[in-house]
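Pasting the structures in now, so scroll down.
In the two complexes that follow, chain A is the common piece, with chain B as its partner first and chain C second.
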Partner chain A sequence: MKNKLIKNLNQLLLAIGIIILSLLVGAIIISFSGNSPLEAYSTMFNGAFGSKQRFMEVLVRMIPLVIMALGTSVAFKAKLWNIGGDGQFIVGSILAVSVSLYSGLPPVIGVPLSIIAAMIGGALWSGLAGLLRVKFNAPEVITTLMLNYIAVYLLSFLVYGPMMDPLGSKMPQTANISTAYRLPLFESGNRLHMGIFIALFIVVIMVFFWKTTVGYKIDLLGQGEKVTTYSGVSVKKMIVFTMAISGLLAGIAGWTEVFGVQYRLLEGITSGYGSIAVVIALMGGLNPIGILISGFFFSALLVGGSTMQRMTEIPYSIVEIVQGLIIIFIIARTAINFKEIKNRITRRLSNVK
Partner chain B sequence: MLGELKNKHNAVEMHNIVKEFYDVRANDDVDFFVKNGSIHGLLGENGAGKTTLMNILFGIYHPEEGEIFINGEKQDISSPTKAISLGIGMVHQHFMLARPFSIVENVMLGRKSRKGILLDTKETAADLVALAEKYKMKIDPYAKVWQLSVGEQQRVEILTALYQGAEVLILDEPTAVLTPQEVEGLFETLREMKNDGKAIILITHKLEEILSIVDEVTVLRDGSMIGHVEVNENTTKSELTKMMVGRDVLFNFNKACIKTGKEKLVIKDLKVLNDKNFLALDGFSLDIHSGEILGLAGVDGNGQKELCEAITGIRPIEAGEVKLDTINIENKPPIVAINKGISHIPEDRHITGLALGWSLKKNLILKTFKDNTKFGLVDEKKIEKRWKSAQVDYDIKANSGEDSAKDLSGGNQQKVILARELGSHPVILIANQPTRGLDIGATEYVRQKIIDAKGDGAGVLLVSADLEEILQLSDRIAVIYDGKIMGILPCGSNVKNIGELMMGKKLEVEENEK
Partner chain C sequence: MLSNIFTVSFFVSLLASTIRLATPILLPALGQTFTQRAGILNLSVEATMTIGAVAGFAATFFSGSLWLGILSGMVFGMLYGLFMAILSVTLRANQVIAGITLNILGAGLAVFFYRVIFGIQSLPPQVEPFKMLKIPFLSDIPFIGVIFFQHNIIVYLAFIMVIVTWFILEKTTFGLKIKAVGENPKAADSKGISVNKYRYIAILIGGIYAGAAGAFMSIGYLNIFTESIIGGRGFIAVSVVIFARFLPIRAMWGALLFGVASALQLRLQALGIDVANQLMLMLPYALTIIALVLASKKAEFPSAYTIPYSRKER
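What follows is the complex of A and B.
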């Protein structure tokens, strides 16, 4: 137990170290661009935490990001590289909105049904990639990425065509879903909605999920296909299942965004959440609590960054640079064997003596 | 010491060699001398530093400290190329041949042709045949390497070294992959080379080899040189073992060839494909009884791995039957075999037998997640308890159950697998190469545990390329060759007969045995 605590603490310190390092390198780049890094970071911080309103905006961003990152972590744990979160998010949203717009059911049945539709949509989209991997040995990195494009253009087709708001002014979007279907807000005039509890609830579920036999089997798949087969677990079934669970969560993320924030389908609804979710999952060490923390940090970075862009001359791309740096450092951490370096240094020192 | 003239009769002298890997001293102040015209054994357990020392001599590693003299002259062997130019050749455990090429093409690789830009294939082939004849080897220089048996490939490696002008030849565990008859052939070649004045270094941990062919032996243990012995009629196995292990070792497990119980697992006319979609098993039949150890002898790669995987459901079966008692289990998913009490110690413990990145505790319940849950969640307390008792019962050396499986030594990894596979009290145990790569201590332990399992009533299929292991443990000995059973012999059978069967020769001897 104590060991585990120390291990988790180490992971946290390491993540903080990576963030500090990225911000430092980011600072150098900002000063090259002729701006003051101190000013940039302080407006960024202010932009995220300067007022209650802004802080709540951070939480609004965090809801879909954390849920999606949890989905990503499921696949990554099994060493299945599902990078198609966006596509699964979109297909989930399309199905969920269809239920709420066209079914005509009362909310008591319609709301749960729309959540289920979102889960099924996400799970189908990623499960398809899993099936392609199992049947034709098609790498899921490629298929999930390609399925993203299909989902994006399917969405465009729908909002420009059959699903376009009949009463709207030819905007590429659907009609608003009725108020009774929407996630309740905390207070009017603020965008924070009850979806935050859904996100927290899923975090808790995932903590327990990894202790169930199914969670163990997904983890085992990540240890290698041979040992998985040897242990009596069907690799093929597990690949499809794991991918489906991963997409199912992305579908739920889509549901919270549509039913809590946008209230309709529109082009570009994911705003590239999928790739950020990958970074959040990796930085959180694929651990639910870690993902919650890193999800919070990235949401603050995004919200703070856009405030910074509005208030200063510093471009938003600096946020993307910091994101990129974080990815590089995360990868470098696994590529560089710190133990070996440490051993070499100690040996050098003892030789000098 | 510098400038001092060394003994010219010594082909190789290595003084005070130190080599470190990270914190481990693989060679700690080792002295090693080899005379011209002699066969020198380098004896030690796995991990004793034998191969490291020879890799230093061959220029693959560079020592932290120490000096090397070749024929009395101090040399700095910076690379294998330098070693070859000094007349040192090495035959590695894993052959380094280009498989699509012919023998002569392999020998020519990396050499300048005598005809400028044209290849001198014919001349080289003629030289090669002459060289092979001189040392009593038979080869066809135009045969492709992939068509050759393991023994023949080894001959190509030796010939290549000789052709490059080796006066000192290092052989790393050369007999591990050979049948007894092939070993005899190899030894004959080595004796010819010795008579020709060459120095031969034989890395091995097999005592029989030391006693039958070696003139002198150097023993390493834990990276240090333990001693240097001249081998003669008075040299005994136990003396060498004691040097190698540091204590006495039980070599004979007082085994009575017991009358075996009833048929438990019946395999009939099995046909199974290998990874390349060729028939690995072709009409294979065998039955295993409760309370016996059935040893399956054979040269590696004759279908043993595929057999074990077919029985345990890992590999699909094309035709034939596998029956446990009266129930057919062929082509059922692996979980069926697991639930029916068939345990499996796989050949490859790193990729198949263990989840290397997982903790030891979790590796213990790899096949039994379901039985270790409480309210649907994996029960940490129960697993911890299991680990505690397994650690004691199987003498696993680890700090805690939280350690990663990858941080353990091979012997301890194998003990974790044993704890899992035997802890479930199997009715059938499939043990594929259970002691490969383990040191003597761990080997002894694993063998004892397998005998205990048999005492528990399990039917054991022991697959091993180590004939000595088969002979020591088995109640019956089956021999596999090219996917078929060549014969089944009672325990105490003649090694020569088993060897003939391993090479695919039918025996009339079977009648003699009866």
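What follows is the complex of A and C.
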């Protein structure tokens, strides 16, 4: 127990080190552009933590991102490269909003039904990629990506066409879902909604999920298909199932965003959450608690970054640059064998002597 | 109604745009044929093209020279390829993760530097793009002339590169070595071919092609740069290589297939035909999935595809 704690603490310290290093490289790029890194990072920090309002906004952003990153982690653990979180989020949202707008059911039945619809939508979209992988050997990394583009245009088609708000002013969005369907807010005046409990609840579920037989089998899948075959699991079924679970979570992420924040479907509803979810999942070491922490950090970075863009001359893209750098350093950290380098250096030093 | 749409002139302009729109997929696909043959799946082509588009646009904007723009796209494409080479070859990182990461970083870098260089302007800065180069005599042939011989020079060069790429890969020892490090790195290594060196070269060549294609988008096809200028073409190019079974000539047919899909959408839109535009825009992406489904089972991936090479793990 104590060893595990030390190991986790080490990992946390390492993560902090990597973040600092990435921010330093980011600072060089910012100063290269003729701006002050100090100004950039201080407005960013203030933008995320400067007031209660802003801090709440970080939590709002964190809800779908953490859920989606948990979904990504399920696939990645099995070495299935589902990078179609955006598409699964969108298709889940479309089905969920359809239930709430057109079913006419009372919220007692309609709300649970809309969650189920979101899960089905997400799971279908990713499960399809899984199916194409096992049936036709089509690489899921490409098919999930292509399904993203298809979902984006499908959403655009729907909000400009059949699902457009009939009473609205021809804006590309659906009508608002009725108040009874919405996730309740904590307090009026900021956007934090009860979805935060759903996100935390799913984190807890995922902690236990990895201890179940199913979780263990997914883990095995990542360690090579042969192992899984030996333990008597049908690899093909397992691949489709894992992909479906991964997309199911992205679908729930879509549900929280639509029913907690937007209250309607509109174009650009995911705003690239999918790739951020990948970063969060990797930074969190594909571990639920790790994902919760890294999800909080990246949400702060996003919210702070958009404040920075509004208040300074520095483009928001620096946030993406820092995200990329963080993962590069993580890759480098796991790839570079420090012991070997240390040995080599000591050997060289002793040679000099 | 249909006879009004599908006239001869419609088909002629459709096929002409097919060739034009195939170009930014053909070039990166040819480059990735080298890369993937060497055993490297480089998903960061998408970002490499975006970087090429900014680099090409900026160079042309400030120098006034279009060729300098293409060159700049190639150089920066190659430099960005270096990141992938370091991550996937030297550090032996998982290629999918490296590719995804470099896409996020590259998109950020491209847009950051575009914004820093050009600031926020109400009208996007423009350049005078490559002009149409009519091939004498040939361009006067009815129909054929318009379809094949009235494009800008980069389009012609891209199609010439099909032959060049095929020749290098199939007829030279250099091509043989590239294929060897992707097919059987251990055997290549034992024959004294440096696996890492040839994988680096294959990735850098892929970067050069992708950078040129990115520059083509901003100074050859359009005359501006936008964040979404590449719009998934890099990813499509990666899949074209796979379902072309890693052969340059087939990659050309693949690129033309996507050219048709995009051209159809543009042409129908230009005619003001009310097929929901968004559904037409899905076509190239849906086509990619269908093509992968049809071809992946038969595709013979290089034996060491996506597998990092290490001498120790013999």
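The criterion applied here is as follows: the second predicted complex is superposed on the first by the 347 of 353 C-alpha atoms of A that agree within 3 Å, B and C clash if a C-alpha of one lies under 4 Å from a C-alpha of the other, contacts with A are read in each partner's own complex, and residues count from 1 in each chain.
Please note the rule applied: a residue touches a chain if its C-beta (ideal position, glycine included) is under 8 Å from a C-beta of that chain, and two chains touch if they have at least 3 such contacts.
Since the model is a prediction, treat every value here as computed from it, not as a measurement.
With the two complexes overlaid on their shared chain, look at chain A and say whether chain B and chain C clash or fit.
On the shared chain A, the partners fit.
Of chain B and chain C, which one touches more of chain A's residues?
C
Once both structures are overlaid, what angle do chain B and chain C make about chain A, taking C-alpha centres and a multiple of 10 degrees?
70
Figure out whether A:Lys217 sits in contact with chain B (first) or chain C (second), or with both, or with neither.
So A:Lys217 only meets chain B here.
What is the contact status of A:Phe208 with respect to chain B (first) and chain C (second): first, second, both, or neither?
first
Could you say whether A:Lys170 touches chain B, chain C, both of them, or neither, answering first, second, both or neither?
After superposing on A, A:Lys170 lies clear of both chain B and chain C.
For A:Ser234, is the partner it touches chain B (first), chain C (second), both, or none of the two (neither)?
After superposing on A, A:Ser234 lies in contact with chain B but is clear of chain C.
Which partner does A:Leu147 contact after superposing on A: first (chain B), second (chain C), both, neither?
second
A:Leu325 contacts which: chain B (first), chain C (second), both, neither?
In the superposition, A:Leu325 contacts chain C only.
According to the stated criteria, A:Ser156 is in contact with first (chain B), second (chain C), both, or neither; which is it?
In the superposition, A:Ser156 touches chain C alone.
For the superposed model, what is the least distance in angstrom between any CA atom of chain B and any CA atom of chain C?
7
For chain A, what residues appear in both contact lists, the one with chain B and the one with chain C?
The answer is that chain A has no such residue.
Applying the document's contact rule, which stretches of chain A touch chain C when the two form their complex?
Chain A reaches chain C through residues 29, 33-34, 81, 83, 132, 136-139, 141-143, 145-147, 149-150, 153-154, 156-157, 160-161, 275, 278-279, 282, 315, 317-321, 323-325, 327-328, 331-332, 334-336.
Give every residue of chain B touching chain A within the complex, in rising order.
Listed in rising order, the residues of chain B that touch chain A are 20, 22-23, 312, 314, 333-335, 337-339, 344, 346, 348, 351-358, 362, 366-367, 369-370, 373, 376-378, 400, 402.
Show me the residue ranges of chain A that touch chain B in the complex, using the header's touch definition.
That would be residues 3-4, 208, 211-213, 216-217, 219-220, 222-224, 226-227, 229-234, 340, 343, 347 of chain A.
Going by the contact rule set out above, which residues of chain C touch chain A in the complex?
43, 83, 87, 91-94, 96-98, 100-109, 111-113, 115-116, 232, 235, 238-239, 242, 276, 278-279, 281-282, 285-286, 288-289, 292-294, 296-297, 299
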